[in-house]
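Read from first to last, the chains carry the letters A, B, C and D; within each, the first residue is number 1.
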């Protein structure tokens, strides 16, 4: 028995669930869970995620995709099958603040984040010890605003990773990098987007006198801190909170927002659609 | 076009989603949304809720149930079809505290709670004005601990309602009443169950020094405040909170917990299973 | 015995608490509670709120202020004494959405919002019934974007109220009005400021794909939705939430944010300082 | 300049704040912040925390306490002065789950938890690496239900620590240990007390069908999981959450609840009173 996930989207139409579930049934599969959501019935866009088991001599992903292409073409659907036991390869980029890195590695070691981690890249050499402790290759690349070292980073991550996580990486990537990489990049922003984009969001929050702060994980696109939001976490603050205590509260928010986003992403529960996400 | 909801549960087996969605497809139906959950794959119990439209000359609920019985019998399933435009009849019982009653009537008037309200029964005559303002028949029945007037109440609600809501009704119903009524009864308890059952939960919370209080909506069964939980809402409190401010904060929690429970229930999103609920 | 509240602010200096509490002690007063906060020790600004009882033949507010002026002048402090049993007069302005109005009137009737309400002004005649039910004078003034009827409104509220609450009043007041009124105006904004200023904040939230929405109560100043924030409430949302369910969730947030702000304000717990607030 | 904290409690009476703040003023001190709370005016119990700076040639703690004893005796008060730069010595006990230990050590290294950590004691040898990494002496004592090794543990902690934290230590201490130690012991319980005391609280929560789970930090007393509560954190759960995801969500709650409790405790913001706490 082998577990698969099918992620599927198309214009909403009649009979989609019936056709898809029938396909799985006829291929000797058992649906474990099926999530489906339509932005607007018939006029909208439909998203579906199906987790299923194939019994007996099981097909591989490619064979399944070939067989399914007939169904997909009826609905002009985009789709992808994933084998649940194939772990995506996640590259980590991180600057000085190490809490998100710690959290991710802890989750990974505890099998709660089911990925391979081929490398950690940092412009802060101090994380080398932590990387070694977890047995992950570490690359110190002293990128900064003047020289973002994008080519060098791209060379390292391009072939070796399936997606990247910016676990408090303080430099903004250029279009060149984002296009060149061509796969998903997930960022954690330490502010409640769309408020407080860019640098020093906790200082911005402090200046504006808000009574609630937040952290946001999102996909990176070519606009600064404006890619599709995956998760947000919030916490109450008061006039007593100064920058220090905002940073402290915020750190916990960032850890949760990023961890939840990564766990959902790795389980193929996050679907991008225009500038938003559907999270099953 | 007519909208239906199918609620379905059975032992988890192979091909359920395929068979059910195929049935809808073949009856010229369009699935709007499908939620499905299994407590444990193959060994567990499966729950499904399907919202769909029937096009053309539409069948009624009974015709659908007859046609579907063949599918259901394969899986030994319990199921029920609901016509989305048939409003359930909700009876309200309420004692002195009127905030939940106000909230419910406000939601109802704003079409956010899609029910008929055939009657309000209270052992507090003061709610008569509010009932009249909303045009709902009001029955003052001065029940108390010595005489709960259950027969009288049962006679009023038995045939005229599809379910009851205890919107801060301070008396406990006997087995006699619960069995005699034989349909769902939803209660709002002003405490964070399973803590603080019974009388004066805010006083109990105060005495215990908790830093978070809650409210719980649940189905009534024969054990005191121990029926399946539908929703819970919580709020932080501190040493500064005395009984008065707990009551004030709690009122808001009760309103939210009860409103959310009723809205979900009326849309057939709440499924009871043993001592728990599945909320789609 | 008579209860007073002293609200006090000045440059932070040595001996302030000692001098102020000694003054109260020597005037035969008993401190019930004292809150004090300094933005930065010695370099900062100090805020203090003291609730106290005067025993025996009690002074009035004016006599106290006269006596205290000596202490205040040492520290170059702004201060104000309030008699706890003098209720501030709160004017309400409201457009079509009536939930905040309902909430306020309910709190007021239940003695949880300790004010007088000399009038309700609305550009929506439909609230007349509710106003009458609570026995509050109601003025229908059909203001709109073309004619905000500010002079007429100012004439009604100027002398008769101590502060105004905009309980979902959909027009923006001009500088002329704000200066002309010259007292505090508290607004509820149905968005998580500083995001989503201006019109249709829930639609803005929907478009931006946020996973948390909010409501903000704040003082009105001459910039749109940019006055000092008093309270903020937030709630999780998902891709399933459409405009309708955002409005429903938001209504509850608005009620809570506004109710908490008003209760704190009326108890003299809200201190404005530059573009922020200290909430004791 | 030297910073002190005074923690003070007594029967509520007239003139307390005046006398205490006057004492500080006359000793050439500057109040940085003063928190005061009374359970009930005049009939109640008053709690006060004053943070202040002494200028010039500064007294030590003992000299201050001697001078203050006259003021305290007027009010029959319990009080204690703390020098802010004297770090309390915190002993850590931990069983197999290591997340709270990690969190505490991380906070400590980042100077957000201002303590000395003389030792970590564990019945799980696997934490030795982490302890070494942070340079904290580690004692592996294989205590279990049959032999709790209390004498051995007591010998290690009695003189070397000012308080203990049970960072998921799975054994219950006897009266013998608690009395023998004679100082504060802070526990993190992975359930929302007073619900779900004792073993396997997440399993208990799962069985009861609650929709919100929690974690509680509290002082240890001689009753199981019934000492005064310091902090509680909560999180929503649904029917989809099984034991694994409850554990995952819970871990974050435990970290936050324990971290917040320890930070407040170390800053002398936590005052025990009967079976409750006042948190300034």
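Descriptive notes on the structure:
One rule holds for everything that comes next: contacts are C-beta pairs under 8 Å (C-beta built on N, C-alpha and C of every residue); 3 or more make two chains touch, one makes a residue touch a chain.
What you are looking at is a predicted structure, and each value in this text was computed from that prediction instead of being measured.
Counting hops only between chains that touch, subunit A reaches subunit C in a minimum of 1. Distance from the centre of subunit A peaks at C, each centre being the average of the chain's Cα atoms.
Across the two candidate interfaces, A-D and B-D, the one carrying more C-beta contacts is B-D. Two copies of one sequence, subunit B and subunit C, touch each other mainly through matching residues, since over half of the numbers at the interface are common to both.
Here the spacing of subunit A and subunit D, counted between their Cα centres, is 37 Å. Here the CA centre of subunit B is 42 Å from the CA centre of subunit D. Contact with two or more other chains is made by residues 37 of subunit A. Residue ranges on subunit C touching subunit B, taken from their complex, read 99, 102, 106, 112, 133, 248, 252, 255-256. Touching subunit C in their complex are the following residues of subunit D: 14-19, 21-22, 24-25, 30-38, 41-42, 53.
By the touch criterion stated above, subunit B contacts subunit D in their complex at residues 37, 192-195, 208-212, 214, 228-232, 234, 238-240, 275-279.
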